[in-house]
Every structure is written in C-alpha cells, then in structure tokens.
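Some structures to go through are shown next.
What follows is a pair of complexes built around subunit A, which joins subunit B in one and subunit C in the other.
Right after this comes the complex of A and B.
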C-alpha cells in the first residue's frame, strides 16, 4: 500500500520553558506524523510533555517563557512561519482542540451560545441568525438535551459532561481536518467518560477527521487510536500500531505503563469476548 | 435504556457572583468597615447642611475654643467651627481620593493590558519602566511635580493618580499572564478572537474581582497620600478644607494647647482608611479564599 502524505508532520520538536533561572526541557526532539483520517494516541505520565506538544502545534505556547525548535508541517505548510492571520486560518478551522477541563473552556462571563456563535461567525463569515442555527444544529448533533436552553446558559450552569459536549459541538461545527484532544475525559465522571469516548469514536468514523488523542488512560487510547506514541520526560520512547505497542511493548517504560492500569477494569473487561485483553487494556 | 437520571455533576452550582456576594456578606469586619464608610459618606453629603456653622466663616471671638455645645468639636485659630470644616473636608478629601483612584486604575489597567497582551519586547520595556517607577519614592515624584503649574484640585488628583497606578498595572499584568494560559482563552483564540477582543472581553472581565480589591485598597491609600501632601502644603489648595489641610493647620496650632484641631482630623483620616482597608480585606478574602485570615 502506498503511504498517504501526512496531514501533520512534526519534526524534531523541542519545547523549553524558562522558569526563573532554570530551563525545563518539556519536549525533546519529538518527531511523528499523522495521516489524514488517522487517530494517533499520545500517552505518558503527568509532566511528560504531552500538552506542550499539542500547544506547540497550535502556536498557543506563551511566547514570554518558551523556546521552540524544530518544524511542524500541516498540510505541507510550515506552521512556524505563519503570521497572525495564517494562524487564525489554521486554529479552530483546520485544527480543532478539545481541552481537558470542559467548564473552563468557556469564558465564565459569556453564555455558551454567544461564544459558539462568535466563533462560527468569525470562521465562516456568517450572519448572526445563520451562526445561531449552525450552533444549534451542532449541539443537536452531539446529542445535547434542550440545545436552545443551553445556548443561553453559562458554562458554570452546566454539568461537566454537558460542557464537554458543547465544546465538542463547537469543535465539530468548524469541521477541522485534525482534532487535538488533550485528556478529553480526565475531568469527567466514569459514565460521562464512556459516553464521550463513544461519541468521539462515532463522529470520527462519520467525519473521518484525523485526531491526536492525548491521555494517560491507556484504555481510552486503545479504544480510539490506530497508532500510539509513548512519551516520557519529553522524549518519544516508542511509536507504532496500537495493537503492536500494547500487546508487545518494546520499551520497558511502556511495559511499566501497561502494568499500572487498574486491575478492576481488567476483570470487568474480560467478560467482553469480542476484545482481547492484555495487561488490563482492551485491545482493538 | 434509560439508566442515568441522577448525576451529581448535573446539580447546578450557584452563580459565581452570588457566591462571592454571600461570602462577602459573611465577613463581619468588612461589614463594620462598610457601615463606617457609609456613615462617613452620608455625613460628608448631608452633614454640612445640618451644622449651624459655615466651614469658612471665621469668628474672632471664638478663637481656639474647645469642644462645647455651640462648637461640638471646637474651633480653629480663626474661630471656624471644626465640625463644619471636617464635614466639608470629607467632601474634598473623599472626592479627591476617588477621582485619583479612578485615574490610577484606568492608567494601571491600560498599562498592564498593553504589557500583558502586546509583543514580548514591549512587555519587557514596560515592566522595566514599572520597576523603575516603583523604586522612586512617591513623595519625591510629588515634590518634583510642584515645579509644574499652580496647585489646584485637578493637579492634586492627577499627581496622586500618577503616583499610584503601579500596583494596578502589576496586578493587571499578572492577571494577563494567568488568564492567557487558561483554556477558555485558548478556546477563544481558536474561535478567531482578536488580541483586542481577548483583552477587553475575555481578560479584563475575568480580572474584575482582584482588580476591585486593589482599587478599594487604593482609595484608602489615596486618602493617605492626599492627607500627607496637604499636610505638607503640597496638596489641596489651602483655601479648601481637606482633612490633610486641617491636620497641617492644626499642627502649627499645637503649641497653643488646642489638641482638638489635631486630634479630630487625624482621627477622621485613620478611621476612614481603616474602614476602607477592612472592606478591602473582606473583598480579598472573598475573591481569594486561600489567603483568608480568620479573625
């Protein structure tokens, strides 16, 4: 099979944070690529630099204290040579991002609807009424109950799961070719987590966008990703097809990660006979 | 199948504003401070009409007469009623402090926002300048400013404003740094928000609570600066009865044994600043529960 051109190509990416006199090497010469429609999981413990990778891809790192080296190509275009308007065309519209904490991905002083409408208007140059209709349609698509009401709510008036869905709706409404999901389930309760993962898998199949799923939840990654990247201390230790990496880890750190998966899930998941289970992780 | 009906996360949290208001109202000392401020403000507004004496009419038959029924707080070296002068002074001092604080807050917010949201090099330059400004004693700035123009109310306001915007600027800059890392700002950037819109619609409103604390405390500080300046004859024109002027006036009368001309203006200043600081502390504890001091 001939390889498709990668949609995202990260080459030798390094991110350093200046903290006082010190410097933290958060990302150290990381290279990987994502093909159109491919789902890639990025796993690693807290502080391994996962979020820094995502923020670098979108140019969201604080310029005051970060140094970036390397190259990121999106659709053949070097993102680091983008000016402000170049970034604006990429951010949201071509690369979407789902944030870790759903409540805080909306401005607490504006309604959820206002923020959705604003983004839709800006990206698609729509009139207010049209943008509103699209926002409503997007909310319906992610199965939001009473979308008209939600439009008038502030984020703090919604539950975490509802906020996450609203955020998801907005990301999807902009129809990006690549979605970065930074620990999308980390702050949800177990039921909301399962629901979100189901939605993500479904909508990804339907729309066929590429996705980078960042998580330390190996089950989530196993469920969604075709490829897995394992990060530790800013370095990429292992990458490969999800099944291969999880069933037959090459790096001792990956093995360690696999061993750390809670046992409870193992017992529960073993009853599913359509999946094979290895080290507590349900393999795709 | 419908399984989930009760989800604890679905319970609506109280509105943030209402929570803050409730927390503030629980703060007893802030209550006392607020009550004190209210009394002082009402006294400043309606007091002068209730007192029989005028703040400016001198009475040479009653020079340095101590507190009595006809002059509750006594009279000064020209026989002017001290109570009437204190009440008129409250109007002057409080409005100067308020106006100066508004000047300082606007200036500080603008400065902090430009530093925090502008290009990195501009931030560096502005922060260096801010540090330099902080290193210069306020009084020195004020004395230098005496070289420019006649003393007037407007000038006092501008001078105090120019001498006290730095705290607000620093806070605004810190808030920019904090908020710019938050997810909703990143989400707004993904939605195409411009820098200006980020600054005015996303950063500023979300920095309102800590700003309110700084502004409140700033009013107290401005009262103090005004008093100091007027006391040194560098502030409000001596024809107007500000608290600082009264105090300065009183100091030169101390030798005559008229303690009341010093005590009462001094007391007014101290009590007012104390009340403002209590309210400020209450606000701070509400805004930032981690730093709460249990009293």
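Right after this comes the complex of A and C.
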C-alpha cells in the first residue's frame, strides 16, 4: 500500500480541565495520525481521556475551564486556527461524530427527518425536496426499515438500535471524510450492538471514509480497526497495527486490558485476521 | 388535542364554583355591615328602615340561600347591581376588566421579552460579566416589593422630574389621546415588570444552561449548524417548555402584584374595584370581582398547559391525530 499523507494529524495534544482549585490532566501529549480511509481504534478504561481527544478534534471543549495545547491538522489545515465559520464548515460536513447515547443526541422537539433535512440544507444549500431525498437515501443506506416513516418519527419513538442507526445515517448524509465514533455501541443491547457494528463495517468499506472508533470494548475495536491506540491516564501507551497490539502487546497495561476479555478476543481474532488480510493492511 | 382541550375545559367549572363558594362564605363571615355602610353608619337609620333595606337586598336570609340565589342569577347572566351606587355590576366589571387586562397584558409581554432575552444572554455567557450583571439584577428584582418600587418610581418620575403622570388612566382636564394613555401606562407597567421579572429571568437562564449542556445540543454543534439554527431550533423551543409552565403557575402572583400596582397608581381595574368593594362590603361587586379574577387565572393556566402540551411531541402524539 502506498503511503499517503495523513488525513488527521494530532501532535502533542494536551487537554486540561480546571475544576475549582484542581486541574485534571485529561490528555497528556498525545500524538497520532489517521490516513484517508483508515480505521483507528482508541481504547482505554473509563476516564483515560478518550472522549476528550475526540472532542478536542472537533473543537467541542468548553473554552472556559479548558486548556488545550498542541496542534491538530486536518487535511493539512490547522484546526485550532479555525474561526466560527471555519469550524462550521468542518464539523459535520468533513468530520462527523457519533455519540454514545443515541436517543439523547436528537433534538427532542424535532423529528429525525427534520434534523437530517436541516443539516443537509445548511451544508449543501439544497432545496427542501432534494434534502429530503438525500435523507431518505442515507436512511436506506444504513438499512433502516420503513425509512419514510422514520423521517416523521421523534427519537423517543425509535428503539435504541434504530436510533443509533438514524444517528449514523445523519452523519453519513453529510459525506464526511472522517468519522469520530465515541462508544457508539455502549448503550445498546447485544443484538443491536452486533447489528450496528455490521452496518458500520459495511458502510465504511463501501464509502472508504477514515474513522476513529473509541471504545473500551476491545471486541468492537478488533472487528473494525486497522490500527489501535491504547490510552491510560491521559497518556498514549501503545500504538500499532490491531493484530500486532492484540496478539503481542508491548505494554503491561495493554496486556492487563486484554486479560479482562480473554475469551471474546480469541474468538474474534480469527475473523479479524481474515478481514485485515483481505483489506491488505500491512501486518508486522 | 381537541380531546385534551375538552377535558381541561370541563375541569374549569368546578374550580370556579369552588372559588365563588369560598369567597361568599369568607365575605359573609367577615365583620362589617353593608346596609349600615350605605348611609355611613347604623345610627343614621331607624330599625324599620334598616330591616326594609336588608330585606330588599335579600340580606336577612341564611347564607346558603343567599349564595344559591346569587349563583342562579349569575348563571342567567344577571350579575345584579352595586349595593353602593346601584350601577349594573356587569357594566362596572367589564370596564375594570378591560383596564386590568391591558395592564397585565402589556406587562406580561414585557416580562416574557425581558426574561427570554436576559435569560438567553446570561445562560449562553454563564459565569461571565453579562451573566453576573443579569443575575444580580434578577436577584434585586426578586427582593423588591411592587408597592415600594411603585412609590419609588412615582417619587422619581412624577414628583422629582415630573416626566410622567402618577395615577389613573387619564388626567382630568387634559386631552385624552393615545399618547397620554400610553404615558399613564408606563409607570405601572414598568413597576410590574421590574418587580416580577426576576424569577422568570433566573428560570430561563437555568433552562438555557441545561439545553447547552445537553447531548442533543452538543451533537448539533458537532454537526456544524450555525448559531442562528442552534438558537431558534434547539435552544429556544427546548427552553420554552419550563418557561411557559412557570408562567402558568406564577400567574396568580402576577395578578396579585398587578392589583397592588393598581392600588398604588389608582389604575381603575379589577384590583382597585375589589379593594373599594371590600371596604364597603359591597358583596355583589366583590363576588363578581373574585369570580372574574378566578376565571382570568384559570383560563391563563389553561392556555399555558395547552401551549406546553402542544410544544411537547410526546403529548401531541398521545392526543393527536396520528
């Protein structure tokens, strides 16, 4: 595989939160990059700073109590130099984000369709009818049953799995080059999790966007990611090809993480191997 | 939605009956004598005259019978005549109600505008200078009694500067134009807004902060939506529900405050009428004033509830057509 310029380049990123007199070092000089079309997994226990990394990339951190240092380049552009309209052109349109809890990430007073049409019209300056068509197409693409009806539904009328797929469709409709998925399956039941992962893998393969999958579920990361980053206490402990990291961890903490889910990982490693070889990912 | 409306309207009637009954009983058990107050005192009438007047007014019968007759008449649209001066109660009440509705209406619109704008400014700029100023002002407003503020404003703008009239709808002997009417409105309306807006501002500020901290707002920002859309489609509609609920709940406070302001500014509304009728034990007038006030508050509450239900998709679906 030809070595491409990175799509996302995170350099020495630090995030600190001021909480009263104290200061939390949530992210500590983290560097990594994502190439176009590459899927990178970010794993680590709760509170290790994973969400803070994703939020820093989209500039979502409250500037009031937050100190950010380092540099984030997206497509060669320094994101930290973006003004408001610069951010609005990047967010959603070029970097999409999927959140953990699907129902609460929809506006409770607007239908799913209205929110899709609203975002499509804003980013692509479309007429209403055209935006509707694209929204429907996106819902079909994520395998949503009865998409016409779902357009008129509020999030509270959908099941968790349906909701998360609607959220995925909303992100996909804007055709981003990079998708940040922050624990996309954490609030779903096992069946809905499996289904969502399947659709996510399928669409990613078809569309070829790059993705940062954040999870403490190593199973999910093994299934989707080409590369894995392991975080602990705000620091990046280990990074490398998924197979190498999971099969032959270099850091004791990674080993510890792996031991926590031994059975699932071994079962999944086999499918992952097939998948990664087929994709031509360079394995060590 | 229609079903909801009918259900709620059906609840209004027993509420009004209860209010009128309570008011009647309280009024009858209070000290004072309406017949005596007609001529300025018991000592100015003979016993025979006293009994004749009382009989004519139906005041010699048991309270229950009096209430029943009053209710029967009211249900037929007959509100009776003022014991004080014999004018038709319905005419007097209608005039006063129009004045009160004007006062509360203008002040209410003012409170809504002030609290939405100030609440938005403070909520979106939390813990910054704008927020501190707005929050401090809201606290001062919360702690200021309407009558005291009204007197202060009269002292300042009517007595010291002599810019605005201090009382009534019009000034006797001066031309009565739209401009003079508005001039008379300014001080009472300003008093109500300044003395009452505090809690509303605080509430909107809190709701706005809740919306801004919500997952859906963060997701909308992450979608790159511009400020305009975030404010009108996310912040406002979601902050509106608790605000309207509070408007309904706090309506009695606002009406009470407006009555005090009517008294301070001699504004010829229901509140002033109520006060004069209570002093004279003018029970036909008093009962009408109580009933109209009760209906005003209950209908206001009903409108607030309907708005909240209409804004809430869950309720709309439950009572809706789909």
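By our rule, the second predicted complex is superposed on the first by the 259 of 284 C-alpha atoms of A that agree within 3 Å, B and C clash if a C-alpha of one lies under 4 Å from a C-alpha of the other, contacts with A are read in each partner's own complex, and residues count from 1 in each chain.
Operating definition for what follows: a contact is a pair of C-beta atoms (placed from the backbone, for glycine too) under 8 Å apart; a residue touches a chain by one contact, two chains touch by 3 or more.
Quick caveat, the model's predicted, so the values are computed rather than measured.
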{"item": "Clash-or-fit label for the pair subunit B, subunit C on subunit A", "value": "clash"}
{"item": "Touched partner set for A:78, first subunit B, second subunit C, both or neither", "value": "neither"}
{"item": "Subunit B versus subunit C as contact partner of A:159, first or second or both or neither", "value": "first"}
{"item": "Which superposed partner A:67 touches (first subunit B, second subunit C, both, neither)", "value": "neither"}
{"item": "Which of subunit B and subunit C A:198 touches, first, second, both or neither", "value": "neither"}
{"item": "Touch count on subunit A, higher of subunit B and subunit C", "value": "B"}
{"item": "Partner chain(s) touched by A:5 [first = subunit B, second = subunit C, both, neither]", "value": "neither"}
{"item": "Footprint overlap on subunit A, where subunit B in one structure and subunit C in the other make contact", "value": "58, 60, 64, 88, 91-93, 96-97, 99, 101, 104-110, 118-119, 122-123, 154, 156-157, 167, 170"}
{"item": "Touch list for subunit A against partner subunit B, complex", "value": "55, 58, 60, 62-64, 88, 91-93, 96-97, 99-101, 104-110, 115, 118-119, 122-123, 154-157, 159-162, 167, 170, 189, 191-192"}
{"item": "Residues on subunit B engaged by subunit A in the complex (per definition of touch)", "value": "4, 7-13, 15-16, 120, 123, 177, 180-184, 186-193, 201-202, 205-206"}
{"item": "Interfacial residue positions of subunit A with respect to subunit C in the complex", "value": "58, 60, 64, 84, 87-93, 96-97, 99, 101, 104-110, 118-119, 122-123, 154, 156-157, 167, 170, 174"}
{"item": "Interface residues, subunit C side, partner subunit A - complex", "value": "127, 214-216, 218-227, 229, 233-234, 237-238, 311-314, 317"}
